[in-house]
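Chain nomenclature is as follows: A, B, C and D, assigned in order of appearance, with residue numbering initiated at 1 for each chain independently.
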Amino acid sequence: MPLNPQNNLNLRPAHTALWAQYQSVRAATMAIVTGLSPEDCTAQSMPDASPVKWHLAHTTWFFETFILEPYEHNFSAFHTEFRVLFNSYYNAVGAKHARPERGLITRPGLETIVAYRKNVDARIRALLDDANVSSHVLQLLTLGCHHEQQHQELILTDLKHLLSRNPALPALRESWPLTPIAAREQGWINFSAGVVEIGSDGQGFCFDNELPRHRQFCEAFSIARYPVTYGEFADFIADGGYARPELWLSAGWEIVQREGWEHPLYWRRESADAPWQTFTLRGEIEIARDVPIAHVSYFEADAFARWAGARLPTEAEWETAAAGLPIVGHFADNGIFHPLATDVFEPSAHQPLHMFGDVWEWTQSSYLPYPGFRAASGAVGEYNGKFMINQMVLRGGSCATPQSHIRASYRNFFPTDTRWQFSGVRLARECR
Amino acid sequence: MPLNPQNNLNLRPAHTALWAQYQSVRAATMAIVTGLSPEDCTAQSMPDASPVKWHLAHTTWFFETFILEPYEHNFSAFHTEFRVLFNSYYNAVGAKHARPERGLITRPGLETIVAYRKNVDARIRALLDDANVSSHVLQLLTLGCHHEQQHQELILTDLKHLLSRNPALPALRESWPLTPIAAREQGWINFSAGVVEIGSDGQGFCFDNELPRHRQFCEAFSIARYPVTYGEFADFIADGGYARPELWLSAGWEIVQREGWEHPLYWRRESADAPWQTFTLRGEIEIARDVPIAHVSYFEADAFARWAGARLPTEAEWETAAAGLPIVGHFADNGIFHPLATDVFEPSAHQPLHMFGDVWEWTQSSYLPYPGFRAASGAVGEYNGKFMINQMVLRGGSCATPQSHIRASYRNFFPTDTRWQFSGVRLARECR
Amino acid sequence: MPLNPQNNLNLRPAHTALWAQYQSVRAATMAIVTGLSPEDCTAQSMPDASPVKWHLAHTTWFFETFILEPYEHNFSAFHTEFRVLFNSYYNAVGAKHARPERGLITRPGLETIVAYRKNVDARIRALLDDANVSSHVLQLLTLGCHHEQQHQELILTDLKHLLSRNPALPALRESWPLTPIAAREQGWINFSAGVVEIGSDGQGFCFDNELPRHRQFCEAFSIARYPVTYGEFADFIADGGYARPELWLSAGWEIVQREGWEHPLYWRRESADAPWQTFTLRGEIEIARDVPIAHVSYFEADAFARWAGARLPTEAEWETAAAGLPIVGHFADNGIFHPLATDVFEPSAHQPLHMFGDVWEWTQSSYLPYPGFRAASGAVGEYNGKFMINQMVLRGGSCATPQSHIRASYRNFFPTDTRWQFSGVRLARECR
Amino acid sequence: MPLNPQNNLNLRPAHTALWAQYQSVRAATMAIVTGLSPEDCTAQSMPDASPVKWHLAHTTWFFETFILEPYEHNFSAFHTEFRVLFNSYYNAVGAKHARPERGLITRPGLETIVAYRKNVDARIRALLDDANVSSHVLQLLTLGCHHEQQHQELILTDLKHLLSRNPALPALRESWPLTPIAAREQGWINFSAGVVEIGSDGQGFCFDNELPRHRQFCEAFSIARYPVTYGEFADFIADGGYARPELWLSAGWEIVQREGWEHPLYWRRESADAPWQTFTLRGEIEIARDVPIAHVSYFEADAFARWAGARLPTEAEWETAAAGLPIVGHFADNGIFHPLATDVFEPSAHQPLHMFGDVWEWTQSSYLPYPGFRAASGAVGEYNGKFMINQMVLRGGSCATPQSHIRASYRNFFPTDTRWQFSGVRLARECR
């Protein structure tokens, strides 16, 4: 539901679509948090995760700080403390509240943050009503919408982590439909060697890290038709996958031993004979073999691939395989925040399936700048570039990603021990 | 206000006073948390502190677990998960939720915990209505009331710590009256050498750690008439107190250097020329010279004493000096959770003043068992005895202690680096 | 063998005994390290322990810094860097090399340190040859001898810890005689209540922490005739001693769980059926039931006592029980650095045995200043006083203590989790 | 000097060169450690570094474990404990002594390790004398020689780190000649876009991580003629380089703040006005502006490049620029373990200079497997592949690398915060 449907008449035609996008994104955020208590929105379960309330405020802060502060006539902050309190990592903006202490901010309360959101919405609308708003504002507004979509996913993954630390394993949604799940035949799609082009082709929005489009050389490769499933991962476990150092990168094996990893995040079983359970945002459920596996680290994805006699794809391979495929799949828009196994279009022997949605797919590529990369100018230049080290690229979006947020050139990135994202596995191998 | 005033008619006369005490203690707890938001009650600022909600639940758990579970007819837990969730440290009860993760429990919410309190209150009342309730139940009920009073103080100190971590420095109470403060003349009260008796004399309730009453030998000593004040502590700072290793115990000096201590907890000033401010539960205020200093660790108390050419009293000395004094002073009952300087009775040249209330006074005595100490039987035997190591005794209660909770033989105890309690200093020295 | 026997003729008669003591102590230190390689003398196995080479140098530094620097005519340091390098913890002396990095000092090598020792020995002798040497120098020289004796014990315990970390479990001495071991009947010696006097009586040398002699009141108590043995401790283990939280102080139980303690330090067995082995400075040996147990922490001593239905003695009780006993027992002078079970004098039903030597005995007393304690003046005032917190007192000396170093009033002290010293247990209880 | 020159007559001609290589490498290792004391060879300054003695033993263990154990007739270990004690990270071999405790191994002493080396040398020679020795043995022997050369470099860098922690800053060599240093004009060498081939071309030895040779696409780029110098880095510091977050990767800025980095490793100056000094293996010297900078982390290299308006080269760019250049430069063979500025061949406007030797050059490429990479079979397959994550590639060798060890396709790798290697910077940028 648009926030102010009647007002659209005032807008310049060129701004109507952007305002509709803004309204839609902002409303989607609030839809996700429906039903959460103020307590649910305040707690922080680990330094990597943030409270829901913080996400609600920070996404608003982004619009207020990067758009209203420089461009609003007679700018006056909603609350002067928020500039520091809800700054995530922008050194150019100034001081930041310490990340591990975000869960200690009990005031402002949730109600105040909701009011903050409404206040900024109205001021953004007022800015747009000005026929002379600059194109830079429009670009920043678009960026802010995509930024908020990223945080929609983080709200879900951070909340999932928080709820999982409660011994009662409470649910965000008491139930959602579990669709019929069908086993599918695995297979390989082959690609021949050659120079490929990757990166955004300039059609539609992209982040700076998707640019410039450039050439890479790929040796011939095969990519798996389907992502790896819970069942296949259970087989890996049953075959001693977490007890065989030869399957693991050295740093991965260290963490397996130090942390006592014996299975992916959120798995549990009552005894060695009992079926595996997994925690989801609708509570704990028994794993279903044919569902794409989620919540594995790069180390686990890599060890699984080695066990399976394969490897992970590079991002150039992944993007080449995804090029031209429709951006369809199981996304957050469905309101079912767990991977599914439903085929989203007619399977073909020549195309990989489920490339988009369900689970992010780890690639064997480090998150590094493309040749000729230039960070966006101004403070928003800190958005992506400064994180280009010691992380691996994931591709394709997940069941917690808004559908309109994803594209073939999209580069997500996380450190190699990260497990609380909906991160999964698609195999690749040398062409045989 | 009593919870069920009309019901008292049903009670046996012998139980009326106990039920009134119970009602009064339970109501006092709720009075403290009036005005706090669910968020305020959920967050945990450090492993040593607990969320307000946890305190509300744990004190109720104490009654449910130690009284209702063994003695209620057809006992049925309010919620089966609570037995683990709100167990603090009783190994005999079984599993415990990890202490540093208490702030992650967003569900049950505050409303459920309030309902839990009411439910247990009614069931305790029903138990008391039984004319044949055993004396052991009555003893446990009394213990539970004193236990809850301890947590009233912890609610205040834990909340103060939490609010202090919010850059906005919010207040629990927007304002309370600051009474006129008068400078007082320091002095020494002398006591001659001899065998003294300390420990509870068996009049009224006491914890097991106050028993048995026994003899100790005290060499002649002097004790200060008044506690050390904010002003005197500011003089210590100005004289380089935090930069002179010769004033400190070795372990204290290490923490000064490692943590960068330059003043007691909650002090701050804009610049070296600006007046010292201190955070209180009514917000930040300028320090007043003549108010008893609070929030110093044992190490700071000890270093101050050395700087002042004195030492801290032993607990035998303190109790000897306090023996026979009326239990009056500035307590939590006033609703002013900061030390005051108001004289509570007519000063005398022969008596120490402000021994009770305002601030806990560090003693030079380790918290160890009295000769012949026996821990209480059953699970409540874990209440005190197992903590008798590596802590120092504090005496006299504070502005966050309920008046009815304190007595001359009361032994509080904390590790030597603890600062978030209302812990202060009274000097002693050899008799000259 | 005296260092310069021929020179004694030059000394004033009053200085002859002191010089003999000095020579004897210095020679005893070198005798301990005989046979160690330069590598053995350089490594540091944990921050609490120091390299042998450091001990050799630091004890020499003590004489050079506190005696030669102020009193030698035309003082010139052996090496200017040593003042910082071998300062242990004297803030008044100035900078210190970081304790955990003592093992990184490969230069100066062992040979240079031996030369340093000889150089300082000669200069001390030259100072003593001066007939007008002040009594303060003589006092410091005496202090330095006792200081070096303390480090003789630390050389043995630190070296034992270092060698134990080598998978080959090498020995300091390839073998020493294991004397016949006889089982002894345990029993209790009773003492009636009353005021006792403890602390040094002024006969002979004492550290400042043994003063002033003062009165304490002891309720009636019993003390065990013999120390607890390896066999009794094995019984405690077999009875689940390390798995029953009710036997432990809370802080002790935490360390049991965190560190996985299942037995005292240096114990090992091949399997649950195999006999217990213990590492000693002559290599690993099978435990002998009747030998006094060593290498237990305060927490283990306290848990054992609770299991045995007893407690540890206070230091006043211990010193009362030891008063008047001859200072005989199994000391380092025997060259057997492991407790023995040989009776050192005719057992009596009225006296505790083995109070001196074999193992230090943990007391239930915190290491705190005696009433009226004054630290020694000058830099050596940092010797004892600043450590009077969060440590427990041990009494009686061990198989690694030189016999001439110990006395009934001697107060040793270590934190409650310390295990690498020869620390053992003697039980006490209320008089029945 | 060959170890057994007279014996060469017995060797098959095909083995003569290999034996000469073996002898030469083994002798070069011992030449480096000439003059070190047993203490110098035993200490370990941090978990990442190992004692010299450990390096001497581990390189020998490599030959004994991977060659003698499977191939020697009637194999008998020199010492059974060594198999565990000197295993670095080969899980397939079995248990390993804990890496951070390598410095606690005082026994075996240095003499025993030298004897171990001689023993294995003789047995390797005996194996080679067998005319039927398999080609696999010859390959492993070659691998072992290159392995030992890697450890020669680590001996130097680990020893440098150890000596730097000694306040006396002792030297390995008291002096070595500092050659004349000439300023050189910086410049850029351009390369056009296209498909390049990188990886070993199969001529001579290579590690498995240099294979397979494969194609990559490089956009047009320029590479700097000379490495960045100490002087240029001093300019970066003077321009606030360590205080400007916008120059740093986020993870780098965190470490700058957490560790207080204000300059590269081993820099020091007496005051802000004093000249910068740097610690070297001949002691501390004043920095010389025109010498290639060493001991910078990837983070510092990257920040410097951003400050200079450039970036680091990728490994494909670096290898393309190095292709065809002679492998000459300043290597460990000179015995001068510090970068120099001497031109090693006639500078040309069309060639980058100093690509080999002096300092390792950080590339912008993560250390990842080449397409089609296969780890070597057997336990030696753990040599490289399992470390292919969270590290960056360095190229070209350093003043601590043996000249015969390096080649254009050689891939060195370290984590991004590593500074104790001789790691430096060469700039690249998009072609203009």
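Please note the rule applied: a contact is a pair of C-beta atoms (placed from the backbone, for glycine too) under 8 Å apart; a residue touches a chain by one contact, two chains touch by 3 or more.
Bear in mind that the values here come from a model prediction, so they are computed numbers and not experimental data.
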Furthest chain, CA centroid comparison against chain C: A
Mean-CA-position distance for chain D and chain A (Å): 39
Rounded Å distance between chain A and chain C, as computed from the means of their C-alpha atoms: 60
Interchain centroid distance [CA atoms averaged], chain A/chain B, Å: 47
Residue list for chain D, restricted to those that touch at least two other chains: none
Category of the chain touch graph - line, ring, star, complete, other: ring
Pairwise chain contacts, counting only pairs that touch as defined: A-B, A-D, B-C, C-D
Chain B residues touching chain A - in the complex, by the definition given at the top: 37-43, 45, 53, 81, 84-85, 97, 101, 103-107, 109-110, 162-163, 165-168, 170
Contact set on chain B toward chain C in their complex: 89, 91-92, 193, 195, 214-219, 221, 245-246, 248-253, 298-299, 302, 311, 314, 364-366, 368-369, 371-372, 382, 386-390, 416, 430
